[in-house]
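Right after this note come the structures.
In what comes next, subunit A is part of two complexes: it sits with subunit B in the first one and with subunit C in the second one.
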Partner chain A sequence: MLMGKAGVFIAERSAQIRPFAPLTAIGPTDNVTPLSGVFRAHIMAEIFVVSAIVSVVGAVLMVARRNPIYGLIFLLVSFSGAAGVFYSLNATFIAVSQILVYAGAIAVLFLFVLMFIDLGKKGEDKFPARVDSLSTYEPAAVEEGKISEGPRFQFSYPAAVVAMTVFALFVWVAASLPEETFDKFDPVPIHGPAGPIREDETNSKSSPIYFGSTAAVGRAIFERKGPFESFALHYEVVGLVILVGVMGAVILGKRIGDEQREEQERKLKAAVAGADGHDDHGHDHGHGHH
Partner chain B sequence: MYPLLETLFGFDVFMPVVWLFLAAVVCVSIELGAKDRAGAKLPIFYAALGGVLLAFVSLFNTWGGAFEPHLILNGGVMIDRFGLFLCAGVLIGTALCCFTSLGAIDRLRIGLGDFLGLVLVAASGMLLLVTSYDLIMIFLSVELMSLAIYVLAGINRSSGRSAEAAMKYFVMGAFASGFLVLGMALIYGVTQTISLAEIGDALAAKDNAYRNVAMLGIGMVVIGFAFKVGAVPFHQWVPDVYTGAPTPVTGFMAVAVKFAAFGALGRFVVEAFPDTLGGEKFSPFGMGMFWAIAALSMVIGNWLAVTQENVKRMLAYSSIAHSGYLLMGIVAMQAYPDSLGSSDAMSAILFYLLVYAFGTGGAFALLTWTATDSNEDGGDLRGLAKRSPGMALAMSIFMLSLAGIPLTGGFIGKYMLFSSAIEAGEIWLAVIGILASIVGAFYYLRVIVLMYMKDPTPGEAEAKNADDWGVRFALLTASIATVVLGLMPNPFVARAENASVTISAPQQPAPVLNAAIPAAPSRS
Partner chain C sequence: MEELFTPTKVLILSGALMSIGVYGVLARRNLIVMLMSLEMMLVAVNVVLVLFSRMHASEGMAGHVSQHTYEAAFLGAHTGQIFTLMIMTVAAGEVGVGLAILVALYRSRNSIDVDQARELRL
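And then the complex of A and B:
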């Protein structure tokens, strides 16, 4: 009975929900009541809990898989969960770019690379399953098959203690927060000197711009007036960071074959010249004399 | 007009960054267009040096003018004498790197244009870092600096150790960036602002229900910086990365990265740390952490350096110890009850950074000079005095300065740091520091003994780089500067004091010179 009522309620309300927009009224706002309050908080809390679980479980499985391709697919799952967490925090722009950039581009790029390096059935063994630490990693030992024997994870007490301490610190901090911190799910309109900033400044009934929405992000970067700070330079510096990444990839990825060949030829010439050194010397001397 | 152009060229004080980046683009372009790599070396070198010099000139134009500290680019970048002093230090490190890499580049099988392009980009990131005034700018410039240096560490592609260094530095750097950005997110969550000064004010508010979150955020940001400066217990990457990276890069990392990271850390501590948090005095947690990190870095860095055989690796451990001395300055800065004293401590940090730059930059330049194909670390200094007395003398000056022996800059720097720690009441930390630097003197002096009192290893040929004028010039400049800093430190100390007064003194909120933008009302 109760379930039935709730179902009707959800069906009525869900007509108003539009994906990838803040879960409030968008467009002509006259007739549509914003979806807010307790019900909205419930939906958002459920989205949060489900995505958080998906994200954490995906991350754990990604680390635990022996086959890197399965690991990568769980990484995708984890990214999608993270996108859901961002969505539940009203950060729609970050949620979408999480899917587009991380799940869409970066993970697929990883997949390409893994496919290129020809894993085959024995592919698992090409990866050192057990690396004690970065400092004792020896490629030779991996090739000889010494390291891939034995347990998958090297359990390290110091690392475990540090990890538990950091985790406990976070739990302690979260527990010390005031209770109402966890009830805030409504998007926050950005306020200017005269009330909330609206998408269409001339129309007082158009939708307000919510903190973290795509409109707010775009205006923060490109607009130089009003309450939005101009992050144009920050944006340009992001461009420099990416440029350096590309430069670095090109420089590190350049073929050194040609140079090595040149060097070999140079050494060969030097060796020949060394063998004929006496003759050369004599020739130079003769030349100078003339 | 396009707003960005207006923003960039409206402020000549921002030009150092632009010059460096333009020079980097020119270097890479020359490299791309050149048919003959050897012939392109000199034009690339002059382009890079020209960029650095132009940056210096525009820096001193700003410094010389009558100016008040002001924010540009909507609060993202702070132009004050503190930032300008650190910019000058970064540029000195960059210039030293240009000179030392001129000869060493042939061993790396890479074009000088690619190499210096990355160095200049890293340097422009550092200039942004030491002047940045909001959290986003700090994070972006840290990444700009670090990404270029990851690549530089691994730029010797025929060396396994270089690749290992790049990989380790990259993994550790990513880890540190994770701490940094998570801490910043927590701080922003509590304070609703990214501007450093506003963060300090917001945290100082009495009824702050989120003080634990703020504490956690500040702690994580400090951990991120501690990774970057290589302080114990976040120092694990330092020895391997310093040893594996090509020597000119190591010198650049030791000099310029230290300047940049300590500059940003100092500014963060001064501006963003509240005097009180939630109505209580702030110091216990934050300063306890700095105290422990400083003491551990001094003791463990010096202790491990003693056991090293390889001079390059020894210098890497000694750089951990020097991070410890500088962190002691930061503890002293916060321990002073008044702002005048803390500005004294800050100027001690700045002066020490300058001295350390010449000392360690010169030492790595010498290792570049003694390096051979078989021994890229340049570790064999045995009997150097018999082979080339001038070089041995320069290296002795650097070692004496790093050890803190009188008549060198290192003595004045250590004296200022220790005396400010003692005046601030941190007696025990100063005692630990003095004991640790006595241990430090042992291994620095051992290098001098090696050079002057041992016979050269038989078969160790004359260094091939004997005619490398770039390294010679770098060594000459660095050794003269070290002695000058020791004999007549006053003008430099005065500049350091001038630089730190602007940051430590209580001041009115800096004006934002961005006429087109009205002040941002707070989000309610």
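And then the complex of A and C:
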């Protein structure tokens, strides 16, 4: 059922794209087949259900896998599922940025650091679990070659109890919200040249702006709707935040030179010796008194 | 499947992602996995913001008589998505700093186990 509908969806979409169309055809177009709003709602529901399952399962496997490299791969799966959820909520630009920023940049950053760090010698527990967790790792057995590696999964009861409490709180809040607003999605209007237009009117002589598209998000950020009502300044400030973050990362990641390290250690030793000397003095004094 | 696609269900999905992130931060000792769980929680917040942006878009759109107020309301409904973009940017900066701290910690301790990091001094 799902595949059939998705196939029809793709076919209808691709029928709208005419290869090598002249540039003037972008915008006002006459001969496109409009998608019906009801049909679109069906597709969005199916995309949401599939993406939500993918996202949650990926997240569970991410926290459960013992080896962080597999965890990273499941994090990618989970982020892709979240991108599908964003698409089903008509936020197409956010969905694409989710893939670009999280899956493209952040996951690769994690991978670089994982490859950079040597996570321990053979026979040593590289990924130790908390004392109370189920993970039973026997370094001796690995050394003898009985098992190739430790268990694949880790589980911790107290953390699971806390997480289930948080989840129950969320479900309780979500269930106590007013039903008339939270039990269905209303159709999203499309910005036409003269006010909102319906989905089946988009082939009229108009260049519609879809909700959540790049054009709409860009205009929402940079268009001045009144004094101080544009988000352009906020956007600049966020750029400053990430600049400070990059500078902090460079300073933290800088390798300290040998002479600088010696200088630091000498200072530290002097400080420790000073503190000890003071302590010893007080100690001796106390002894002498007794 | 339409009964599964309601704002309440999206909120529950977000709560599930958030609590999985909480579990990851609490249960693991590996700093990298803790950072990844933190990212998971930020994604859960983004899901809620995008959901409210979507609900805001379809609410009260019909009542606008003038083109100007309609346009302002239509663009104003994107505020949640703009916040999502800013959270993504802050998350990227946070991961950069967090991983730099992790590398510095690894250099001085030879381990990324958070239980080994008892002092603020690197």
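As a working rule, the second predicted complex is superposed on the first by the 145 of 290 C-alpha atoms of A that agree within 3 Å, B and C clash if a C-alpha of one lies under 4 Å from a C-alpha of the other, contacts with A are read in each partner's own complex, and residues count from 1 in each chain.
Operating definition for what follows: contacts are C-beta pairs under 8 Å (C-beta built on N, C-alpha and C of every residue); 3 or more make two chains touch, one makes a residue touch a chain.
None of these values were measured; they are calculated from a predicted model.
A.B. asks: If we overlay the two complexes on their shared chain A, which of subunit B and subunit C does A:His191 touch? Say first, second, both or neither.
C.D. replies: It touches subunit B and subunit C both.
A.B. asks: Kindly classify A:Leu252 by the partners it touches after superposition: subunit B alone (first), subunit C alone (second), both, or neither?
C.D. replies: both
A.B. asks: In this superposition, which partner touches a larger number of subunit A residues, subunit B or subunit C?
C.D. replies: After superposing on chain A, more of subunit A is contacted by C.
A.B. asks: Determine, under the contact definition given at the top, whether A:Ala271 touches first (subunit B), second (subunit C), both, or neither.
C.D. replies: After superposition on chain A, A:Ala271 lies in contact with neither partner.
A.B. asks: Looking at A:Val241 after the superposition, I want to know if it touches subunit B, subunit C, both of them or none. Which is it: first, second, both, neither?
C.D. replies: both
A.B. asks: I'd like to know which partner A:Pro178 touches here: subunit B for first, subunit C for second, both or neither.
C.D. replies: first
A.B. asks: Name the contact category of A:Phe211: first (subunit B only), second (subunit C only), both, or neither.
C.D. replies: both
A.B. asks: Of the two partner chains, subunit B (first) and subunit C (second), which one does A:Ala232 touch, if any: first, second, both, or neither?
C.D. replies: first
A.B. asks: After lining up the shared chain so the two structures overlap, which partner does A:Gly71 touch, if you call subunit B first and subunit C second: first, second, both or neither?
C.D. replies: second
A.B. asks: Identify the residues of subunit A that lie in both the subunit B contact region and the subunit C contact region.
C.D. replies: Common interface on subunit A, subunit B vs subunit C: 169-170, 173, 177, 188, 191, 211, 225, 231, 234, 238, 241, 244-245, 248, 252.
A.B. asks: Spell out the part of subunit A that touches subunit C in their complex, as residue ranges.
C.D. replies: 41-42, 44-46, 48-49, 52, 55-56, 59-60, 62-63, 68, 71-72, 75, 78-79, 82, 85-86, 88-91, 93-94, 97-98, 101-102, 105-106, 109-110, 113-114, 116-117, 119-120, 127-130, 133, 154-156, 158-160, 162-164, 166-167, 169-171, 173-175, 177, 181-189, 191, 194-196, 209, 211-212, 216-217, 219-221, 223, 225, 231, 234-235, 238-239, 241-242, 244-246, 248-250, 252-253, 255
A.B. asks: For subunit A, which residues count as touching subunit B in their complex?
C.D. replies: 134-135, 169-170, 172-173, 176-178, 188, 190-193, 211, 224-234, 236-238, 240-241, 243-245, 247-248, 251-252, 254, 256, 259-260, 263
A.B. asks: Looking at the complex, which residues from subunit C come into contact with subunit A?
C.D. replies: 1-2, 4-24, 26-30, 32-33, 35-37, 39-40, 43, 46-47, 50-51, 53-55, 57-59, 61-62, 64, 67, 70-72, 74-79, 81-82, 84-86, 88-97, 99-104, 106-107, 111-113, 115
A.B. asks: Which of the residues in subunit B come into contact with subunit A in the complex?
C.D. replies: Interface residues on subunit B, with respect to subunit A: 3-4, 7-8, 21, 28, 73-77, 109-110, 114, 117-118, 121, 124-125, 128, 136-137, 140-141, 143-144, 147-148, 150-151, 154-155, 157-158, 166-168, 171, 209-210, 212-213, 215-216, 236, 240, 514, 516-518, 520-521, 523-524.
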